[in-house]
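Each of the next two complexes has subunit A plus one more chain, namely subunit B in the first and subunit C in the second.
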Partner chain A sequence: MILKTHNTNQIAIAEILVNEANLSQADALKAEMIVLIDTHPKKILVDFNQVQYVDSTFLGAMVSSLKYAVANKTDIAVMRLPQDIHNLFTLIRLDKVFKIYADEAEALSDIN
Partner chain B sequence: MNDWPIKQLLVFHNRVEKIYPFLQDVVAFIERHLPQKADQISFSARVIVTELLTNSIKHAGKGETGIELSISPDVFIIKKIDQGEPFDLKQEGATWPLDNDIKTPVKIYSDALNGLYANIISPYSLSFYAESYPNNNDTFEDISEHYGLVIICRASSSFVYLYNPRSRQNIFTVTINLV
Partner chain C sequence: MSASHKILLVDDNPLVLMTMGQALGREGFICMKADSATQAMELLEKDIPDIILSDYDMPEVNGFQFRQQLMDSKQFKHIPFMFLTSMNNAELMLEGMNMDAIDYIVKDVPIPVIVSKITNVLNTIREQHERSISELSRAAVALHLNSVPQKTPVISGFNVDFWHKPFQNYPGGDFIDFIQIDERYTFIVLGDVMGKKWGAWFFSFGFLSYVRSAVRLCIFDGDLSTKSIMQKINTVVHLDPVVSEVLSTLSLLMIDTQQLQVSYSGAGDLPLLYYNHAEAKTSRIQSAGLLLGLRTDGEYDEFVLKLNPGDQLLMLTDGLIDFEKGGRKRSDYNVFEEAVQPFLGKPDTFMQLKTSDFLIQKAQEQVDDCSLVFLQKEI
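The block that comes next holds the complex of A and B.
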């Protein structure tokens, strides 16, 4: 398991448990996100707080998960990005694809 | 007084668990030799090296990858050398050796947000560059799931690929301007 999830008002919060979010974790992320999306939450918030670094393969898995989510009428946002990871999202313009929140309170306030 | 360039060759054993310690070695090199620029280039160097190593694990199997770090007064250069098949050109009609007379860029891929292209430098060499596009809709069905080369392009000042058909070496040269 690389995601630890809990729910708040139909919003699933999925905390990434691995420090190194790289190609060895990408398939697991996709598989666990599909299971989570199939529970039909209104929105999924992926928490990157524990992640030291992320590679392009893992980010590709995030995009793949988003496509599956959108097809199933769910949305995915991200929160608590360490500065490097925030910079990387901006660099490849994934900030145009995923809504980025500073923390859970900001996300829940915006969504609700 | 420094003798330029300052160089260090690091060997990466193509295994995913070796990436993070390798990044620490890269950061240590920068902090030792470029302390005044470390904050400026550390992020770029780390994401570039991460993608170069990930590329080796994916495409060069379980061998070794050489990463040469080089500092001159004006530039920081990261050069990766591994062995295997040449870069996979997906554009129809673009095959190795490349036709030097082709003046139009080779499209590597593009989607609603990013485009990755390469200019032909020589029959066995390409110079990559990335473009940005306005996202005019909220449909993400065509958004790419491949970001490695775009990350390297955006984090660097230039990104050149060379294939040596005799040695079967892939040589990626990534330059970060320091001034």
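The block that comes next holds the complex of A and C.
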């Protein structure tokens, strides 16, 4: 398991448990996200607080999970991105693809 | 033996873990230690070792059950596995060998023998692996499958060059191409399929074929806008159920040798680095476009830039902004910019860059596929 998930008001909050989110975790992420999406939450919030580094394969798995989510009428947002990862999201325009929140409180008040 | 080889030791006896761990550590192995199969599974979720050495006889989950758990897992079943045993029991050993364990090691055998056994296994695996890669590479060469050009194009008034280093020497997801339409127009294509090794390499051909056809079809229709070429590529990728499962970045640049300008559109790519020679200033050119195939409308834009003598442009993929310091990896475009800054604006910028400590170190780090394309308006 690389995600630890809890639910708040039909919003699934999934915390990534690895520091280095790379190629070897990308398949696991996709598989766990699909299981999560199939529970039909209103929205999924992925928490990057513990992640120090993310490679393009892992980001690819995030984006491909998003495509699956959209096809299943739900959405994925991200929160608590460390500065480096936040910069990377902005550099490659993933900030236009995933809504980025500072923390859970901000995310929940916006979504609700 | 390479210092980077990681071994996962699994044994419920703390003394064995400690002594074996210390002995293997002295031989240059990195040891991950687990006192139970359950703890081993937890460690495996975080890091994949090169080989697993596990005791047979453990409470709760024994070595055989642990081996079975690994064999049932798509992710872990290919990790080489050896049984450690204090018993010289032929039946048990046979049972272990039937579970695809590569070998067994009797614990009271002297440590140098254990080390040489592990080293032999790892060497054999590496040799087989290298053979497979070289066979695949030969097949790819025979089929003229190249995701990176064999030579740089000659473009009147401009210098173009590139540097490419695949991840761990596998052909990877980065692709580069130069498409020369005529004496006036040349396209530079740089993409990064989000993945590594063979899977990404395979898809890079799919993307490259779409890019090549879109460029040719648009030119045929008299459409010379990188934005509309990008949108066309995005549309076909989005509609193609095979390629759209994989995502790719793309930097597309068109050189116009008559107008002495370049047009550029990007899809989820890193900003280009632009060096203005007259002002001796460096700036980034960041496009707005999204990764290929993500949405029907990729929100692409187009930059048209007049290049004056001595102006330089760098296009890059994300391996170049990944850095490792003190065992911690991070991505930072600023570090890349600072590293290449001293080389910009020189008459032989790219030659110097290619032999710089920065790129030499990048080639050794092997964090990801790395590609750098260089363009300069001749002085």
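Annotations
What we mean here is this: the second predicted complex is superposed on the first by the 112 of 112 C-alpha atoms of A that agree within 3 Å, B and C clash if a C-alpha of one lies under 4 Å from a C-alpha of the other, contacts with A are read in each partner's own complex, and residues count from 1 in each chain.
As a working rule, a contact is a pair of C-beta atoms (placed from the backbone, for glycine too) under 8 Å apart; a residue touches a chain by one contact, two chains touch by 3 or more.
Predicted model only: the values in this text are computed from it and were never measured.
Legend: residue contacts after superposition of the two complexes on their common chain; A:Ala77 is shown touching neither subunit B nor subunit C. Looking at the shared chain after the overlay, A:Ile92 reaches both subunit B and subunit C. In the overlay built on the shared chain, the residue A:Ile111 is in contact with neither subunit B nor subunit C.
Legend: residue contacts after superposition of the two complexes on their common chain; A:Ile2 is shown touching subunit C, with no touch to subunit B. In the superposed model, A:Ile34 lies in contact with neither subunit B nor subunit C.
Subunit A residues 20, 23-24, 52-53, 55-57, 59-60, 63-64, 67, 84, 87-88, 91-93, 96-97 lie at the interface with subunit B in one structure and with subunit C in the other. Residue ranges of subunit A in contact with subunit C, taken from their complex: 1-2, 17-18, 20, 23-24, 26-28, 52-57, 59-60, 63-64, 67, 84-85, 87-88, 91-94, 96-97. Across the complex, subunit A meets subunit B through its residues 19-20, 22-24, 52-53, 55-57, 59-61, 63-64, 66-67, 70, 84, 87-88, 91-93, 96-97. Subunit B meets subunit A in the complex at residues 16-17, 19-20, 23, 43, 46-47, 50-51, 54, 57-58, 113-114, 132, 135, 140-141, 143-148, 150-151, 154-155. Interface of subunit C with subunit A (complex): residues 45-48, 74-75, 173, 192, 194-196, 200, 244-247, 249, 268-271, 286, 288-291, 294, 299, 318, 321-322, 328-333, 367-368.
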